[in-house]
Structures are given as C-alpha cells and as structure tokens.
Amino acid sequence: MRAPSERAGRTRLGAWLLVGVLGASAGMLPSYAFAQEKVLRIGQLGVMSGPAASWGLINKYTAQAHINLINEDGGFEIDGEKYRLELVSVDDKNDPRVAIAGAERLVHQEGIKYIIGPNVDETSRAIIPVLADGDAFNVSYGWQRELFSPPSENTALGMIAGYQSAPLIYKYLRDERGVKTIACLPRNDTSGLNSRDNCVAAAEQLGLEILSSDSTYEPGTTDYFPVVGRVVEQNPDLLVLSGVTPSDAPLLIRAARELGYEGLMATETAMDAKIFSEVAGDLANGFISVGGASAPEIRTDYMQRFIDEYEKVAGEWNDEAGTKVYALEMILQTIKQAGAKAIDDVAAFKAVVPEVDALNPFISEESIKLGWIGDSDFQQKRQIRVPMVVTEFQNPDFKTLFIDTVE
Amino acid sequence: MEQVIVNGAISGMNYALMALGLTLIFAIMGVLNFAHGQMYVLGGFVMYFVYTVLGLGHVAGFAASIVTLVIVGLIFERFFFRHALRMAAREESTMLLAAGTALLLESLILVAFGEKQRGMPPMVSGVYKLFGVYIPAGRAAVFLIALVAVVAFILFMQHTKPGRALRAIAQDKEVSALQGVNIERYSALGFALGAGLAGIAGALLVSLLAVNSGLGTSVSIKAFIMVMLGGAGVVSGAIIGAFILGFAEALGYAYIPGSTTYLLIFAALILFLVIRPQGIIGKPWG
Amino acid sequence: MALIEVRELTKRFGGLVAVDHVSFDVEPGTIFTIIGPNGAGKSTLFKLITGFLRPSSGKVTFEGQEVTGLAAHAIARRGIVRTFQETTIFKEMTVLENVVVAHHLRGQASAFGFFIHSPQARRDEAGFRASAERIVDQLGLGTVKREVARNLPHGYLRGLGIALAMAANPKALLLDEPFSGMNNEETDRTVEMVRGIRARGTTVLLVEHDMRAVMRISDRILVLNFGKKIAEGEPKAIQEDEAVIEAYLGREDEELGI
Amino acid sequence: MSRGLLRPLAGAGLALLALVYLVLLPVYFSHSPYILRVVSIASVLSVISLGVWLTFAIGRINIGQAAFALIGGYATAILSTRFGLSYWLCLPLSGILAALVGTVLGFGILRLRGVYFAMITLSLTEAVRLAFLNGGEFTGGASGIPIIPLPGELSLFGVVLMPSFQTVNTHLAFYYLAAALLIVTLAVVWRIGTSRLGWIFRSLQQNEDLATSIGIDIARYRVMAYAICCFFGGIGGSYFAVSQQSIYPNVFGVPDSIFFILYCFLGGLAYVAGPVVGTFILFIGFQILHPLQEYQQLIYAVLMIAIMLWLPNGLLSLRWHTRADRAELARLEGREARS
C-alpha cells in the first residue's frame, strides 16, 4: 500500500486532470464572433459512437462536405445575400435521452432551426416535442409513419422508406424478371424487423407468394450460414435482405450463393460498393439495392465535386452518402424559396414547402426535380423527393437499373 | 439435420476461439475482461488493414493482429489492472475498470479505423458438397485454423513450463507464489495471451463476420454466455460452452423462428445458472 | 426435560456416513462437549443441529419442539446460536457495530418500523446499544470496541465471535473449537469466559480438540469416532473409557491430555 | 456508508444545495430547456442508479437494472395507452410491477454471488429486451409504443395537486417531477442506509453465513433490497417513457446497465450520495465534452479510467474531510492494504 500522503497527491492530480480537461473542452466552444458576413447554422444530430456510429457519421460527413462546397463557391444566396454555412453536430449515442438533450442543445442553446437527423425511430420520436416546442424543423432518417404524419409537422423523411421502395422494386422484378415467390430475411433488431413487415406487406399487395419471413439473424456476431441455409432451402425467386447493414449484406449474399442459391437478391436501402467487392466480389453480382446519386452514369460534375470533397472529409467515399446528400440541399432550397425570414421562422419555411420545385444538382436526369412529397403516406408533404435509383451490383460498382420517384 | 450439425460444429469452433482468451484471463487474474469483444474487433480491423489495405497476405495479417493485441494486453495489464488489483477497494473494482477499458478501446478503434464496417473475402473460395451437406471451403479453412489454434493453446497450457505455471496460478495464487512462481510476470503473460487469443479470433473470423467499431459489446456478451455456461475460468468449460452455444444457435435457426432463438438461449442460461452456478464443469464460486 | 434432544441423527455425503445414528440429550445450564479425532464428524453434527445442513435422517428437538431441517436463521430464532472458527465476523464494522447488528433477533420493530424510525424501533436501538456495551465489556473487548474488526489483534477475534453469538441472546450456545490455537493463558481466559456464559444460564455446547481445557470445564462429554458415538459421560469416566483411549491410540498424549 | 451522505452536505451546505437545485437553477434556466433537461435526466438516472447502489450494499454486482427500467417504461406505456390510466397511477404501478418481477426472480438469482450474479443479471437485461422486441401486438414489437400522452391533471376531491403538463411550462414540470423523484428516492435510500435495515444489508454483504447464524433471514432481506432496487428501476423507466412520450425495446440495454454500476462506482460505493454524484458528473461531463466532437467518447473513457485509478473509492472520497471522514478514509485505506 502507498503512503496516504502520496495517495492524496495522486488524488489531487487526478482531480486537477479532470478539472483541466473539462475546462479545456468547455473553452473550445465555438466562438460566435463573425465579421460582417452572414452565417447560417445548420444542426446535425445522430449516432456517432457505438455500434451504429456509421449512420450518424455519414450524415455528418455528407453535410460537412456539402457545406464546404457551398462555402467555396462564396456561400449560399438567399434574397440576394450570401450566407456562409456552418455545421453544428451532436452525438446522440442512439439513446433517446441523449438525443432529446442534444436536440435542445441545438435548438435552444445554439439557436438552430434546421436539423439533419437523427437516424432511427427511437431518437426521432423522442425529439418531436423538442422541435414543436422550440419551433425547429428536422430531416429524419427514421421510418415510422407517425413521425411524419399529423399532429407531428416539424419532421420530414429524408430518404425513401423501405415500405415505399419495396413495392416498386418488387413490382419491377415481378414484371421484368418474372419473380413469383419471395422470402424476407431481416436481422433481429428494430429496423430489421420493421423492414421485414414492410417486405411482407408489399409482397402481399403484389400477389407474390411469401415462402419465409420468420428467420432472422443476430446483428454482427453470428455465422450467417445456418440462417441463410434455412431460407435458401425453400428456393424463392427473390430473397430480400430486410434492413440489412452494408457490411452484413455481402456476407449474407456470399453465404446464400455458397449454399447454391441461384435466385435474385435485393434490399430496400443503400449499400456500399467498396465493401461488396472487397467481401463478396463477383458473388455479389446482380444484387439489387437502392442507390443514391452516386451511380457513375448519372452523376453530374457537381456530384463528382461532392464525392471528392467527401473523400477529403471522411477519408473514403461511401455510396450511402449518395442518398443522404439531399437533406441539406432541400433545407437550403426551401429557405431560399421562402426568403431570409425563414432562417429564423420555421412557419415561413413550412408555408412554402408545397411549392418548392428546384433542379436536382446531383443527377444528370433533368426530369427529376427536387421537391417535397408524402401526401399519400403521411397526409402532408413531409418527405424529400429523393430520386429512387435502383441499382444492380456489377463488381466493382453499381449499375443503374431504373430511376423512379415516390409521390 | 446433417447441415445443422455441420453448422453447429463450425460455429462452435469459432466461438471456442472467442471464449478461450476471456476464460484464461478470468482464471489467471479473476478479471472478467469486458474489453474482450473490443480486442476481438481490433484483431479483425488489423487483419483487414494488413490484408486489404496494405495488400499483404493472411499470415502477415495474423502476425500483425496477434502482436498488436499482445501489446495492448500488456499495456492494459501493466498500467490498469495490476494497479487496480493491488489497490482494489472491493471485488467490483476490476470488473468496472474492465468496462471502462472496453469503452476506451472502442473509442480508439473508431478514431483509428473509422466508422465503416469492414469485411474480407473468404480465405479459400469454393464450396464442397458432401452427403447433401454444404461445406464452403472458407468456413472449412476457418474451422481447421481455429482447431489448430485451440489445440496448440491446450498443448501449451499442458506441456510447457509457462503453461504449467499459469495453470498453477489459476489453481491457487498463494500456493504458487510460495512455490516461487513470479505471479506478476505470469499474470502479465496470461493477460497478453488472452488478448492475443482475442486477436486471433478477430483476425480469423473477420473473413466470416464483418467487424465494425461498435461490435465489441455483443461479442463480449456471447463470450460471457459460453464461459458461464461451461464454468468460469476452466478452459475445457469454455470450449464445451462454445459448442453448446454453436449447436443451440444452429438448431434454433433451423427449427424455430429465428428472432426467438436468442431469447430462449438467454432464458435457458439464466435458469441453468440458477440451478448450477458453477457451470457445467466449473468449481463452485470460481 | 432435556433442552436439546438428538435422536438417531444421521448425515450421508454420497457413500460416506459423516454422522451415524447419533443420539444424546443436553441438560439446561450445563456445558456439553463433543470431542473426537479429526474427521470424526464433530463439525457436521454441529451444522446439523444449527440447520446449516439438512440431516439425512433422525431428529433434533429443542425445548420439546422438533427443529429438524428448519432454516438456520429459524433455528437461531428458537434460541440455538452457533459461533464459527476465527475470522467469521463482519470485517468492515467496528467491534461494537458487530455486536449491535448481532442483536437482530431481539428486535421488536418490523423492517418498516425501523425504516420509519418508529418509537419501538428507537427503543430497540437504544436497548441494543446498551446490551452490546454490556456484552463487549463482559467478554473483555471493551478496550477495542471502536476498532474495525478487520484490524483486531488475533487474540480478540474468537472473543468477538462469541460476543456476536451472545448478542443473539441464545438459550443454547454452540462454540466451534473455541480454544484451538490458543496459548495457555489465552485458554484460561476463554475458559473463564465460557463459565461466565453458563453462569448467565446459557447452555453451552462445545466442539473441541484441546482435551485439557475440555476436561476442566465440561459437565458432560460425548466422543465421536468415524461419525459414531463411542462414549458419553462425565469427564472422569471418559478419561478412563477404553473405547476413547482406543480411538485416540497412536495420537500423542498432548492431544489426549492425559 | 450512511455516514458518507450527510456529513459532506451537512447543514448549510445541504440547504444551499437544495436552494440551488429546487429554486435558483430552475428559475434562472426556466427558459433554457437544454439545461433543465440535462439536469432532469441526470436526476432520474440517479434514481435508477440509487437502486443499483442498494444491490451493491448487499454485495451484489447488478448489471440487470436496465431490464427493470424497460419493464417500468413498458408498464407505463401499455397502461396509459391501452387502458387510459392516469400517469399518476402508472408511475407507482410501473415501480410496483418492476418490484414484483424483481421479487420473483430474486428468490432464484440472489443465491448467486460475484461474477455469477453479475453475468446472470447481464443475461437478464438481454432477455428482457428481446422479450419486448418479439412481444408482438402486446408490446408493439420492433416499432414499440410511439405515442404516450403527457401527464394529465392530478386532483383529489377537486383539489388540483398536479396540473396537466400541457397547460404549464412542460420542461419545468418534468424538471420538478424528476427532482421530486430524486429527493424522495435519496431520502428513502438514505433512511435505509442509516436505519437498522442498512446494517442488516451490510451484514449480508460482509458475511451471509454469520448473518444467518445470528438469526437474519438472509433470503428475505436480500430479496427486499433487490425488490426496492427494481422498484426504482421501474420508476425511472416510467419517467423516461412519459418524458420521451414513447418506448422502444432498445432504449435500455446492456450498455445502460453497465453505466448504472459505473455511476455508483465512480461516485463512491461507500456513500449513499455516491450514485447521485457519479451520475451527475458522468452524464453532465459527457455533455460538457461535446466540443471535442469525434474525440468526445474517447476523452470521456480516459477520464473515467483516470477516476477509477486515482480515486478507487469514488469521487466523494475527494471531498473536504472532517475528522470522522479521515477515520473512515483510514478505514478504506486499511481495506486496500489487505489485497
């Protein structure tokens, strides 16, 4: 045992270290002293640590890269004035409690009106009261209809939900590839089981025969072989990996192919080409997923610039970012439409939501404009009209199958 | 059914590798290493980095993973656990320290390797089909390597001087101290060895199951299940536990709705531990 | 009527019979000692009587009521309280705190009563403190009562163990090897202590190796060997009993003490 | 341990603290919800941790508290949405339900100690989460129960005891609800700690055999301690369910369970106030570290380990020392000397 005096010394040392670091970090708070130039601050709230860290970080990098581009070009113009953009991001640890605190930090401390994220139903649901109370608006990546339907009116869906893309994809495959039987294989967690239910519903709508939907796999740690084996036995024409994460997907595909499965495979969400070719290589050829604006043949130069910038910010391009790029763009376009007053007045923002109809700077497909949709699913326009680029994997990249939009 | 058995055996062997390091560290130091899963993940990332990014071979990957984890293990033991074990106010403290180190390692991995989830192609491609049972070459290879690693480890524990010393410490610290075994040195060795095993497991399984920076906790939980099932701090127990879990999974996935498989596994574990706390072949109260 | 009646008490562990159809009576206000070579089953017998083990067969009655197989705390509640060897104490509490806690059995107030600090609870607490002080002084622990038990000098530990048992206000006190590892003068002190306990009207059961002390204080002695009762009687008779000498044959006289 | 509480906060200190906590802070920040929210969350997390502290008091490492928070949360969600019960009924019922479940399980699992109990409770956390996740219609499965009404008015014989939360400053209302919960819980646990119950619990922690031999019904008392622990878990879960107006299977998981024991430990297991101090410092600490961005979690972990190594008896062992304190510290020092 150490002499008490020395222990006391260490004790004090520890205490000071604690105080020091806390103080230092508190000191690092962003300084709001800007020169004459006007600043528009955008919030980003999402999970940036723990198992789901990638979801939030992709949003962060996407927004940051996009903002860098805009600021490079001298800022974003609203009512003839240029605004320099600034991103404030907060980690919600995928914990509703932390998410609420984070949202209130953004809305009330930082005085931010427009927030990108959070990433899942739990956290998105938790911050709705905060938004209503602080009169702020967010673009969420949760899926639950309640989030975007009245009475909730300050939350919009930033992507195409599985229950929207699934019917379109299955329909295409039914008509073009003669799919008659289908099996859904979700992972055993919230988002997975939700997508599974969507998968089943969509399939029933289209009159497809559902061979299997009650098999699941544990996130991350399980050998997928046993699970896939059971599903493949029934040999469906189409195997849907519901709510699969980009890293699990190639492993599941590989397992299925190794088990001699020859049918089609698809998922409703965005995947990442790199990990596909790294892990499954040619085995993943023909896998159908929903890409963003990143498929090479439809990129605009602006998209290419964005991709390069993203690589600077994140160190490596991620195709998922191609679907997340629209959140900031839509917020800005809508503010522009509503005029400078919308910067601090969400009501003004919401007022013009139905009218927004801007050019999509990311994909060469002229016909597809940016705008707000959602009347059919949410009885109000609370979803970004993200072009649904359905892609097919051809090692090492995604090839566009067809482009569609949900209304 | 044959397929189920094969699947169970393959998973079981993988899991055995996951559980060995954990049970070793527990046996030697009485520390339940919550950071075990994170060590596994680190091993996986190092393998990925060496193999895919640097383009070096599997062997280099394994070597790098093991070395990295051994070093991490030594650092943890020397700067955290040795101190904590000496100062330990109450039994809880080391377990909680381990939980802290888990969080630390997880954050380090996220900063070092980024948020993307990483996977690797199988070490050997192709599929064998024997008596209607699919055996992918990649899985077969992993199975064999895991088998070799486990056997090698057991031989080491049985027939080498350090191995015997470690077993002696696991049996009874005081006595072995009296017999002149250098407890501190061997504790360090044991911890490094345990970490190294986690590294091998990660490096090997990253070709079957991708890793991401946050995967650690779920790996740890699985390892805990196996270790408690077999009997904490008993090598053979860990292996038995691993195979039981492997087969339970395989059966569950084959015959009941997958989503309830793990619910049942946890329920069964709780029930079993209430009836037989020391696990299948553990000594009562560790 | 005997205070404790043991009838045909038997305990098997698998094949081994640790206690084999043992019967005896303990009269109130006496010191009754159980001796026997190592592994004779003394401690097992002890555990059976105090409910720390369930007997395979046979029965124990206390004040005419059967207590066989009751939970240990329930038996303690009836008035049979045991001590442990050496270090079985509440290490992180002071000597006094140890003894106060041990008064649990005398508490009148309910758990909730204690929680809301009811008058009854206050009376209990006060009573406990007073009686604890008394016991501590009687057992010669007064000088160390503020010490944390863990730091106690070795000699006091067994005293504290007995104090804990006394606090439970037992009708019968079972002492587990109270003299082992003691030098003569410590032994003498403990012998006095035990006599003192009897003087307070508490019946005492001993399990002991140290024959010399046993012979001095026991009113009656039971000898066990391989789980069987081989003799019972006054110390004098025991000393001459053939079977006993037989059982101890080959052991150095020191242990036999004759 | 009980002596740990009142001394540091004694007299004036305690009064001042209460003044700040109940008046100055809420009034001054009544219109900065963020601050109120952070303190409210810390308060209720403290309530849950205080439960865990009780299981530490009987010598058990409890990694199962998240399960009971989840049970409490779902109880509130189901009772208020399906049966339209007033929140003021749901709150206590959630606690009681959690306590009942704890009691039933307790008789089985409390026979285990040390790492065995820790692991069995950890499994419990996972089992309960999966049970709710696969609970089908009843629990809403993966999509949880997304719309829980705010607490309504509570009136007795026409006397309004509690206004409907819509009609008042909701943040302030939730703040005071949290504060009330914390103060009551702390008072209860402190009473347990100082009363005879506390001593009985401590005797269990230190030697269950001896406790039995002096007539303590250890099974009964350890289940009692565990049930109280679970009760606080349920209460906490209920609060979060209603303040988030939603409940999902994975809002409380193994990481939460682990954090609850960390809160207790870093605050100081020897002090009733330990869990509270630990929770406040750690939860608010994470918020303060926000400017570190991607290094937030990393530095957070480093600080946590630093505290464990430098203050093995918790943050509270760092406070201004009275003479009695030094005695207690010396005692703890001695305790360390042992190993």
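First chain written, first letter: the chains are A, B, C and D, and each begins at residue 1.
We adopt the following convention: a contact is a pair of C-beta atoms (placed from the backbone, for glycine too) under 8 Å apart; a residue touches a chain by one contact, two chains touch by 3 or more.
The structure displayed is predicted, hence computed values, not measured ones.
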Practice item. Work out which chains are contact partners of both chain A and chain B. Key: D
Exercise for review: Check A-D against C-D and say which one is joined by more contacting C-beta pairs.
Suggested key: A-D
Exercise for review: State the chain with the largest centre-to-centre distance from chain A, centres being mean CA positions.
Suggested key: C
Point to revise | Separation of mean Cα positions, chain D and chain A [Å, integer] | key: 34
Point to revise | Between chain C and chain A, distance of the C-alpha-averaged centres to the nearest whole Å | key: 71
Exercise for review: Round to the nearest whole Å and give the separation of the Cα centres of chain C and chain D.
Suggested key: 42
Review point. Approximately how many whole Å separate the CA-defined centres of chain B and chain C?
Key: 48
Review point. Which chain D residues touch at least two other chains?
Key: 130, 133, 255, 294, 297, 309, 335-336
**Study point:** Residue numbers of chain A (touch at least two other chains)
**Key:** 48-50, 188, 193
Review point. Which residues belonging to chain C are in contact with no fewer than two other chains?
Key: none
Review point. According to the definition of touch, which chains form touching pairs?
Key: A-B, A-D, B-D, C-D
Exercise for review: Using the touch definition up top, name the residues of chain A that touch chain B in the complex.
Suggested key: 48-54, 57-58, 188, 193, 214-227, 229-230, 245-248, 250-251, 254-255, 258-260, 272, 275, 278-281, 314-316, 318
**Study point:** Residues of chain D that touch chain A when the two form their complex
**Key:** 32-34, 37-38, 41, 45, 130, 133, 141-144, 146-147, 170-171, 240, 243-246, 248-251, 255-256, 285-294, 296-297, 299, 303, 306-307, 309-311, 317-318, 330, 333, 336-337
Point to revise | chain C contact footprint on chain D (complex, rising order) | key: 191-192, 195-197, 199-200, 202-203, 206-207, 209-210, 212-218, 221, 224, 331, 334-335, 338
Review point. Touching chain D in the complex: which residues of chain C?
Key: 50, 52, 71-74, 76-77, 81-84, 88-93, 97, 100-102, 104-105, 107, 111, 114-117, 121, 124-125, 148, 150-151, 164-165, 167-168
Practice item. Please name which positions on chain B make contact with chain A in the complex. Key: 3-4, 7-8, 10-11, 14, 52, 106-107, 110, 114-122, 127, 129, 134, 136, 138-139, 208-215, 217-219, 222, 249-250, 253-254, 257-259, 262
